[in-house]
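Provided herewith is a single structure, encoded as structure tokens, for subsequent inquiry.
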Amino acid sequence: MTGETLIALALVIPAATALLTPLFARHPNLRESVTLLGTVLLFAALLALLSKVLGGARPALHVLDVVPGLAVAFAVEPLGMLFATVASGLWIVTSLYSIGYMRANHEVRQTGYYVAFAAAIVATVGIALAGNLFTLFLFYEMLTLVTYPLVIHHRTPEAKAAGRLYLMMLLGASTVLLLPAIAWTAVAAGTLDFRPGGILAEKLSPTALAMLLALFAFGIAKAALVPLHFWLPAAMVAPTPVSALLHAVAVVKAGVFFVVKVIVYVFGVETLSTSGAGDWLVFAAAGSILIASMVAMTRDNLKARLAYSTVSQLGYVVLGAALATHWGIVGSGMQIATHALGKITLFFCAGAIYTVHHKTEVSELAGLGRVMPVTFAAFLVGALSIIGLPPGGGLWSKWYLVLGALDGGQIAIVAVLMISSLLNVAYLLPIPLRAFFGTAEGEATNGRAAEAPLPLLLAMSATSLACVILFFFPGIVFNPLQSMATQ
Amino acid sequence: MMLLSMLAVTTVGVVRARNLFAVAVLSGVYSFLMASVLIVLDAVDVAMTEATVGAGISMVLVLGVLHLTKTDEARPVHRALLPLFVATVTAAILVWAVSALPPFGIADAPIHVAGPDYLARSLAETGIANVVTSVLASYRGFDTLGETVVIFTAGIAVLMLLKRTPSGRGGESS
Amino acid sequence: MREHLPALQVLVPLFGALLCALVRRPRAAWLIAAVVSWIVPVIAVMLLAQVLGTGVVSYHLGGWDPSIGIEYRVDALNGLILVLVSGMAAVIAPFARRSVAAEVETGRVAWFYTMYLLALTGLLGIAITGDAFNAFVFLEISSLSSYALIALGSHRRALVAAYQYLVLGTIGATFYVIGVGLIYVMTGTLNLGLMAERIGAVQSTRPVLAALAFITVGISLKLALFPLHVWLPNAYAYAPSTATVFMAATATKVAIYLLVRFLFSVFGVGFVIADLPVTPILTVFSVAAIFAAATVAVFQSDAKRMFAYSSVAQVGYITLGVALATATSLKGGLIHIVGHALAKGGLFMALGAVTMRSRAFDIDDLCGIGRRMPLTMAAVVVAGLSLIGVPGTIGFVSKWYLVVAAFERGWWWLAFLIVASSLITVVYIGRFVEAAWFREPSAAAMGATEAPVSMLVPIWLLAVATVFLGLDARLPAGIAEQAASALGLR
Amino acid sequence: MRLDVILRITAKLILPMMLLFAVYVQFHGDYGPGGGFQAGVIAGATVILYALIYGLGATMVVVPVAVVEALIPLGVLVYAATGVMGLLTGGNFLDYSHLADDEVHGQEWGVFVVELGVFVTVASTMVAIFYAVAGRGRR
Amino acid sequence: MKELVGNLAAHFNQWITVFLMVSGLYIVIARGNMIKKLIGLSLFQTSVYLLYISPGKILGGTAPILEDGVSVYANPLPHVLILTAIVVGVATLALGLALVVRINEAYGTIEEDEIFERDTRG
């Protein structure tokens, strides 16, 4: 199959899933099997595409021109390919997990849930493979809109409040800051296409570049750069699988991916490093990392703590890109992948704990580890990976980020990375440790089934395993990124 | 000039009078004066129409409606500053503009020189001596069609508003 | 027959109106209106094709030369408007049958369609004519019929709304006539083309400048440019749904066309934009309209009023496109004319369907209506997204051009104002959508059932059109491009 | 009562003359001031006067409502149809030149018919409005 | 000052025209009585007639009805336009008055202030 067809398939398959699911609303088993089929097919298609890309091919697909200058077009490059593959791979796992979770918790509106989920994947793939700013923006907004119903899934007042915040922050930032940024780019560069080496070279003064970068960095609120991060903790009211895939992987990664993409293919690493227009962003990201980590320590609600940890981890990605050095880019690319695997594991565990024991607060977990060992083992692995300790793949992304910082001569940043790793240790490790060795005040198990249902266990062990694999074979992620960054 | 001044006076009367009957009658007077002014200006057709319409139809209509409603105007409660302002601004612009128009009655104003030469061609092309009629019905016949449609519109509109239709009358609901 | 298309464009609806007035049976009247509404767009499209193919089409009524008679003149600009107006009429026709039957008492239905067709005649006449005074006559035809249509609303406020519109509309029309008169006295012609030729000689004389002022103000009254919009909200809110849909989708657009025609063709871009401060003035009013009206819309409790105020705001975007007076900005303006006609038409149709099914107007009474009328409300969501300007809808395309035009001029602050304003749109659209979809159904909503097919089809036609044109706007953009270059904009 | 009699008799004398005058204004429009519109107004006024004197009922017998309301569009129809005739006889819309064998007479004919159309619409509209208002009055 | 007087002489009727127009406009905006408003409106429209007709006049000319021995006529075009304008004016007036009748029936008044206040009371 040609690259064009594969790209088309990668968009059509999840779309078809979204459209077919409602037809089987009456028969849950059929409905879920449709979803699973879609996930697997998509993953296969993306793997096929990945193999082409690793083979050096750069497939592209031009769909249509809205008007001259605004084209819906796709162009595959390693970073996006990586992002798409990770997302779709995790979609399989998450769907598996969802089935167990939604049924165990007797959630309402399951059909709508699966439809919106598939639609979100369409948007994510679109973002990952977009060939120009307009296409990327198109799917970026689509992602916001289709995930809104998932956020307000429970229709409770706080869910609606969170939903409103979610919409207003994401749409608001993207229309008020991002759209002008894109228009400005169009006027300045005369094109919106992503080109290796960027399209803005010699087009704008350093100050203008810095301003434009600011518009992008804050306009892409999905990147949750402090202070535009409030929507993320709020979005945690959604069912856990949603938090897991969308708000630990798809949505937020779409944000940081957008930032990296803009820095690499619109500004161009050269232009940015020579003009020094990215320096301020380095420090903004560093600040974001530290602040979010500190807030995370103060949160007792497990999902909230994980959310803030996400915010800080996203900071790494932006930071790496903002450094505008070879290793920085590689590091942030790897961070996207490793953090995705690590964080989704953690959310799976959180969901499992809630499903079985209806516990949501960290303080309630003491002693629970002895009841559900598998869950907390997985949690431990995920945590280690995120902190950047063996045997977690996170180690490598941190490593390359440090290299990037050193290349950029930013000693201060190296220090920041160290400190924040310590903070990570401080707010993540206690959870499994107390679970294993702490003593439960009162009865921890409330006498019910000890370990999580099978689908959940499968899901979390799969992802945690992936973390370990990435530790031993980082090349899977490293090589494509290396090839991209050396362009 | 005399007539024009009288026109002005009548207008003041219209503005000031509070009894609507008086206002109606005054506006009738106004129309007659206007008509005579128009005659002086050689616009006989217009004068005739203005007389029949302004002093005829309009007044009848107003009086008829007054018969259905009340006849005294209440004192406006709110201050009339904004209207005064709007009126003065409009007046200023207009005076500023018209005082630069070609002087009254000269033969070489643009509309006579550059304007269409109906007078020369009317008889030859339409055989109609009253040029107003020929322009009205032929040269700019489409305007007049539009004008007739306007009457038609107004007529149906008024019927629609005022005619009592016992709803669901057999012939119409069918 | 082909060479008579311009005349037929206006005659077909006119004869339709006459027939409606003669046969007084509601069903027959609707049939006539429908047939007419389906013929006119065909004519319009043929005309536009002719224009795009072989250039400007000129038709001499009565066979008299434009200098002494009346001329019909179609170019890319009003060709587009003709297609839009007649196309909307065609879409509205099927919707009208049930809606009018439900809202207008049987004895008056035939007259309703007479008025409706007369309004259509008037608007088409304004759009197609090349004669300043003829434009006034047809302006009055459309206005008088609109007043009557509004007055047919079920609530007594409809009468007052109609009266206010009548007074203001007449003032506007009279202002327009004064302006035209001044130009006529200075140039000795009423033909727009000849005016354009001769006005250069006298363009800086006081009467002509005053004429510009009077015409602009007069038309602004008709197109409801803030703060001359006071008549519009009540008129839209209390008129019968079909009338609201038609006016919202077409009336203001035609007025805007007339303004563009005078500013750019008659007075000329060089004069108006280069020598006079038209751009800043019009920009200020447009931006004021966008923000003020949108903000007011947020606080409306009546759904129809809310969208009426939104119309005032949306008109602001269009006039903004006119004000900036670059090829890009005018493209944005013209595409927004199309986009807004589609979106607002769809929204008001949906509201009309809701009114028919639930008899409710208040947003609070419409809670949970989405459960009962899912298809209708889904269309509302789509149209709403287009109003907001979400990428993938035509609303985005026009906004994009406006923002780009602002940047091209270096007015980055204006670009930010434009995008910021769409946030207010998010608020009131979101408010309505959330009420309709995510709240517990109210009593009125529970009683409602899904709209009939005859309404769903037109509603969805428009909704789909907003998305389709949002993904492929090359056709309108191309026509707008031609129009802009024909007007001498760069 | 006697007043009433006098009124009726004078009316008997005046009304025909008014109609006559209307007709004169109508046809003399080509050579002197006047035309369809003015004539229509006078004719309409005649009917209204008749109604004022002999009562609405009697008038509605002479000039039935249905007829009046039908005449309003008919007048316009006459006008527009004349235009279409021009279109069918090979000219443009409203081009009367080909209505008769030579152009000038064609124009004269066209103008004549068109003015007739105006007359009909104007007169009938006035009467119709009067009927409507009067019908409103008697409640 | 002198040229002002000269101007006044040359444009006297236009100045009057302006006065009529503006007073008509003033009535429309300032007054609350709906019938009075309409009368003002027709005043406003009527005054426009002069604006059109006056420039058409040529001193020493006659009405544009062709006859032998006369060479100077007034310009007929403005007359035609104004004939149309008059008709439009009366049509508007009729429609407006019809509305007023209905409003009077619905509200029992034709004073705008009272109507608004009755509406706000519901």
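Labels for the chains are A, B, C, D and E, by order of writing; each one numbers its residues from 1.
Convention: contacts are C-beta pairs under 8 Å (C-beta built on N, C-alpha and C of every residue); 3 or more make two chains touch, one makes a residue touch a chain.
All values reported here derive from a predicted model rather than from experimental measurement.
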Partner chains shared by subunit A and subunit D (touch criterion as defined above):
C
What chain lies farthest away from subunit C once each centre is taken as the mean of the Cα atoms?
A
Best-connected chain pair, where connection means C-beta pairs in contact
B-E
If you average the CA atoms of subunit A and of subunit B, how far apart do the two points sit, in angstrom?
72
Chain centre separation (subunit D, subunit E; CA means) in Å
26
Whole-Å gap separating subunit B and subunit D, where each centre is the average of the chain's CA atoms
20
Subunit E: which residues touch two or more other chains?
21, 25, 38, 51, 55, 63, 65, 81, 83-84, 87-88, 91-92, 94-95, 98-102
Each of the following residues of subunit B touches two or more other chains, namely 44-45, 49, 53, 57, 61, 64-65, 68, 94, 98-99, 101-102, 109, 111-112, 115-116, 118, 129-130, 132, 136, 138, 140-144, 146-147, 149-154, 156-159, 161-162
Would you give the residues of subunit A that are in contact with at least 2 other chains, written as numbers and ranges?
none
Could you run through all the chain pairs that touch each other?
A-C, B-C, B-D, B-E, C-D, C-E, D-E
Could you pull out which subunit B residues touch subunit E in their complex?
1, 4-5, 7-8, 11-12, 14-15, 20, 23-24, 27, 30-31, 34, 37-38, 41-46, 49-50, 53-54, 57-58, 61-62, 64-66, 68-70, 73-74, 76-78, 80, 82-84, 86-88, 90-91, 94-95, 98-99, 101-107, 109, 111-112, 115-116, 118-119, 122-123, 129-132, 135-136, 140, 143-144, 146-147, 150-151, 153-154, 157-158, 161-162
For subunit C, which residues count as touching subunit D in their complex?
4, 7, 11, 14-15, 17-19, 21-22, 59-63
Could you list, by residue number, the parts of subunit C that touch subunit E in their complex?
133, 136-137, 140, 144, 147-148, 151, 156-157, 159-160, 162-163, 166-167, 170-171, 174, 177-178, 181-182, 184-185, 190
Inside the complex, what are the residues of subunit B that reach subunit C?
93-94, 96-102, 109-118, 121, 138-143, 146-147, 149-150, 152-154, 156-157, 159-161, 165-169, 171-174
Once bound in the complex, which stretches of subunit D touch subunit B?
29-35, 37-38, 41-42, 45, 48, 69, 72-73, 75-76, 79-80, 83, 93-94, 96, 103-105, 107-108, 110-111, 114-115, 117-118, 121-122, 124-126, 128-129, 131-133, 135-137
